[in-house]
Amino acid sequence: MTTSASMSRRSVLAGAATSGSLLMAGSGAEAQPAKPAELKIGITTFLSGPASVFGVPAKQTAEMLAEQINAAGGIGGVPVRLSFVDENPGTEHLVGEFRRLVQSEGVHVVFASISSGSCLACTPLSDEMRKTTILWDCGTQRIFEEGRHPFAFRTQGYGTSEVLAPLLYLLKHKPDFRSIAVINQDYAWGRDSWELWRAGMDAMKPGVRVVAELFPRFNSTDFSTEITRLLALRPDVILSTSWGGELVTLVRQANERRLLERSLMVLPVAEASLPPLGRSMPAGHIIGTRGDHWVNHPRPRDKAALDRFVNGYQQRFNQPAIYPCHHMFQAFSALQAAYTKAIAAKSGGWPNDQELAAAFQGLTFDTPTSRITIREDGQGMEDQIVGLSSFGTLPYAVPEKMMLYPATNVSAPVGQKSVDWLKTLRAGLENTAGEAI
Amino acid sequence: MSDVLLSAQGLRLAFGGVKAADGIDLDVRRGEFLAIIGPNGAGKTTFINMTTGYLRPQAGIITYEGQAITGMAPRRIVARGIARSFQLPQLFTEHTVLENVALAIAAREGPWSPLAPLLRPRWREEAVDLLERFGLTSIAGARADALNEGARKLADIAMAVALKPRLLLMDEPTSGVAANEKMEVVETLARVLRAAQVTAVFVEHDMDVVERFADRVAVWSQGRIAALGPPAEVLSDPQVQRDVIGIERHAAA
Amino acid sequence: MRRTETLLAIGGAALLVLLAILAPWLRFVLTIALAKGVAVLGILLLLRAGQVSFGHALYLSFGAYTVAFLAPAMPEALILMPVAMLLSGLLGLVIGLFVSRYRDIFFSMLNLAISMVFYSLLEKLYHYTKGTDGIRVGVPRFLGMALERDQFEWAMFGTALVLALAIGCFVRLYLASPMGQALSAIKTRETRLEFMGLPARAVLLSAYVLSALMGGLAGSIIAMTTRHVTPLLGYWTVSGELVFIAILGGAGAALGPFLGAVTFELVRVYAAASFADAWQAILGLVLLGVILFFSRGLWGMVESLWRRRA
Amino acid sequence: MYGWFEENGLLLGLALLDGLAYAALVFMVAVGLNLVFGVLRVLNVAHGSLYAIGAYAAASLGLFAASSGLPAWASLPVLLVAAALVGGILGPLIERLLLRRIYAQEPVLQLLVTFALFMILEDAQKLIWGTQPVQNDAAMRLLGNFDVPFGADFIPFTAYQLFVLPGVAVATLVGLAWFLRRTLTGRVIVAVTTDREAATAMGIDASRIYLLTFTFGAILAALGGALSSPTASLVPGLGAQTIVLSFAVVATAGLGQIEGAALTALMIGLSRSIAVYFLPEAEVLTPYLIMVAVLLVRPQGLFGVAETRRV
């Protein structure tokens, strides 16, 4: 398998020298390309820094999937080849790398970004370079609500549905809660998710007292002061959309100090942190996974495929496949479906950039657990499953009493801004939006 | 115009328990060379430091040209025409000797265009000329940290002279200068200063130098002036001989 | 050496243009490198005085955010740049009045502290700055013309190159002037300056304000080139990067920062392309090698090569 | 029911307890940096990496100890052992192989050598421990909770946070003070800190003192990390956060001043936790604001001695 690791310095230099012609290919989307020798995919993900907790498993997944795809003859008969870019050094580096991927590496498609900031920086580039870009993990609702991006497609859900689903679950599970505190990471997602939650909560259950809004520094390793304050305030519910190492630290410190006996926690991004938490995650709290891809999904679309993927990953990397792995799977699945569709539309011809992007419009593709359709604005419609933490056969928590929220019920309609839409919701939605599974 | 250029009255300064200045009264006359002698720790350098604004006296007044300069910033005092040289030469070690002097000229001339070079023709000429008068032409291009002690001392004084002061305070100008060169160095110095009509106060340990070049001598002892007068008179005073010169000779041996 | 430097500067500029023609994606990297080179020139001024600012990412990000905030109202590159530069210089004056009293570690750390305060504000004032998501910068007009993306990128590259040459020339003259020479005098014997009647603080302050102007200008170029600004541009590691580039390139000449910046960006791009997992370690190794074996930086290497040939 | 004032008074008491624990962690990592800076005059950016490696090593060693059947109480001394190992091995290596070569050079070069080292060690950590959170909270669980009364209510604190962290910090402070004042080596270190030239002129073997101090500083950094490991889960990027904060402490404290470091850490710890209670948005700014405020009043830092410029 060829990945970026095998790319030599010389080949980069050669790329630099010849990419004058590649630029032509990039800007002339109407040109009729011949079938390439390899299908080049550029992937931006976190390879260093705290978010590499997500980025590295996703990279491993991509490598595993590329291997499987190539072993099965590639996509449309063309083997795939991956190049990875680290998101951690910041936007200015990343947008340079995006250009390099397109103009020098000549990638056919870019999988962009875990971080919302990275996605916001990359999507305009996809417009300008007319290069199909799959937003494979970032969640910000701003992308498709603040502008049109005809070459960008998100192959998973987004902040609105990922926050609304746990909120609806809470309203149904504990309808009588009267006070809430929030403790989110102090960065865009932490702030955005609280704004979304608050808009929805105030609309569907007005009068809930917000007793504390805590935004500890991003990458904090000590929450003892915040926990003390929450212990003293005794809110009915504590919301935290934190993730990664920080969520692990927060829950461990909170659990040790029995905060979770006093308050019900709602953790929309819990799933990836559950394996490292193990038994430190108490049972009975609300957990989400940014989608429906729980390992114990009671009725996945294709049980065999789910097991194959999850077990294959576990065996190969000796780690559970956490949600970024699933999101990467979805990106590959969407790509395969789009190429199949585009090639069919062209009666076997290889699609150019424009045709590939066109194939993504309204595309429906399979995931092990369900089926995702890409809406006309580019947003993927991924169902959400939320449940209560519980312990079964695995050494870490998984959900029970699960509720499945179909994506269309928990996403803002096309053309509406999420916050505005959330404000229009009314009590009772918690009884109609989801179904117990 | 008054005959007195600089006047110190009742200067007091103590560091902890040590009285470095314990009531100093001194008038420096226009045009004279005044030598300050006395044992180490008597407060000679402290006097220079107070006069040039490095230290602020706890009591007393310093006037220059009839105006109080007590406690002013060194920069302000220099602007009025008082320059000093240092016991340990204070050179800009990353610059050549020529540049050191040129910087002093620049300091005197400022403000200047930020885009014309330091070694602009007029300043370069003046610096070259000054170094020649100090007999430093041969080392003008040498970096200041590559000089021997004597040359550093002279360069240090040359920088002070380049400021065109009317009063120059020198802290041990001949220490570190080889014995056989000493007289020649002082000779040069005296010639330059007389030509520029500079009043000079200098701390000195070599009684031969004092005898030959000073118009008056002030003897420092424990933060006070023990004696003041022409060299012939003061240096022959038995008590000064015993208390100061004896110690000096002893120390020198 | 003077003439050599001029020749090298012209040759280097020609080489960059050639590279930008041959490899369009490099044009972006090189524009950023030139902008950073301009910011590093400011660092170099302060280094002359022996002072290391560990907070100049402040001016970079300030310039960048100025552009991000003003661009919608004033979408003209040639106005945005000087405005960002001047505002940044003004900020530099205010902060400089404070920090120019301090030396060495205190100078470094105060700059660090102030830049971290600004960085935190960029993150905290979410409703104005969009926090870590950052602000998108649209393509501004250039000389009143609405350019295509490709043309605009050329325009930015050209502007950066011209500015780099002009500011490089200015810094060279400045360093040779009494102001510049007094800077290195601050490093070796600051007290003497005072006893010569030269206010060391004012000398340092002017250099500091100049460095803020350059930082702001560089930030504005970066903002219009990457067209998306995030608080990360103001994080302390970016400040460290600027000092890193200064030393990598060599603090001896005005060409050093550009040599350093271009090398830095290229090494980073190639390291990232070849070893996406370990690019940081590779940069570290390069820096370590330069410091241990060529402490005068890349410019020092060029100089000694030149001498050997002459 | 309590009035506003009484309730906030109680909260202030809680903030004090939290601030103390946080101050202890800040002190542990900053004091080593300050000591090293005082003696070697090298601002060691890699100090943050040593902190992170100390934390990782402590967690790994603890897991290893537990799996090889050591009793639970061993999880506490394991922290010390891990710190000693990390500092004792990496410290001398860094000093001998890198810093030693550049003492004669300009300070900025020394700083950058440690910056380069920091970058290399960041990736090295990732290579060794991967990117998934690493954790071992045995030491925190060992001692259980301690309930602090809060009006009619009570607030559980971990005994580790309430007693171990401040305890170790105080022991370190007292031990260091004793070492620096009462032992010959300690006095030599102080002498070098106060006046390097004079000390070397007196024939002090600076090379040995440098090695010793740096190793010592490295062990303290690693210990800081090791102490934080039972409560935190460790992820890449730990070092970068830590080092900026320590820088602020060093400049605020005054160079080489361990009491200054303690007082600064206390100020930062308390103001941070008070901020979390009453003005959460200001929390991240507190260390820097404290530093700027202190340096405005005392340009040499809290306990710093004005360097006399000899003329």
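In this document, chain identifiers A, B, C and D correspond to the written order of the chains, with residue numbering beginning at 1 in each.
The rule we apply is simple: a contact is a pair of C-beta atoms (placed from the backbone, for glycine too) under 8 Å apart; a residue touches a chain by one contact, two chains touch by 3 or more.
Quick caveat: nothing in here was measured; it's all calculated off a predicted structure.
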Worksheet item: Measuring centre to centre with C-alpha atoms, which chain is farthest from chain B?
Response: A
Worksheet item: So which chain ends up closest to the centre of the protein, judged by Cα positions averaged per chain?
Response: C
Item to complete: Mind checking the centre-to-centre distance between chain A and chain D? Centres are C-alpha means, answer in whole Å.
Response: 37
Response to the item:
Per the C-alpha centroid definition, the whole-Å distance linking chain A and chain B comes out as 76
Item to complete: Go ahead and note the Å separation of the Cα centroids belonging to chain C and chain D.
Response: 32
Fill in: Residues of chain C whose C-beta touches two or more other chains
123-124, 191, 195, 277, 280
Fill in: For chain D, residues that touch 2 or more chains besides their own
122-123, 126, 281, 284, 311
Item to complete: For chain A, write out the residues touching at least two other chains, lowest number first.
Response: 48, 186
Item to complete: Could you please specify the touching residues of chain D with respect to chain C in the complex?
Response: 37, 43, 45, 98, 101-102, 105-109, 111-113, 115-120, 122-124, 126-127, 240, 244, 247-248, 250-251, 255, 281, 284-285, 287-289, 291-292, 295-296, 299-301, 309, 311
Fill in: Touch list for chain C against partner chain D, complex
47, 50, 52, 54, 98, 101-102, 104-106, 108-110, 112-114, 116-117, 120-121, 123-124, 190-191, 195, 236-237, 240, 243-244, 247, 277-278, 280-281, 283-285, 287-288, 291-292, 295
Fill in: List of chain D residues in touch with chain A within their complex
10-11, 14-15, 17-19, 21-22, 25, 122-123, 126, 130-133, 135, 137, 140-141, 145, 150, 153, 155-158, 161, 228, 231-238, 241, 272-273, 276-277, 280-281, 283-284
Item to complete: State the interface residues of chain B toward chain C in the complex, per the touch definition above.
Response: 52, 54, 73-75, 78-79, 83-84, 86, 90-95, 99, 102-104, 106-108, 110, 112-119, 159, 163
Discussion item. Considering only the defined contacts, which chain A positions touch chain C in the complex?
Written reply: 4-5, 7-9, 12, 15-17, 19-20, 23, 27, 47-48, 83-86, 89-93, 95-97, 99-100, 102-104, 115-117, 120-121, 124, 128, 140, 142, 186-188, 191-192, 218
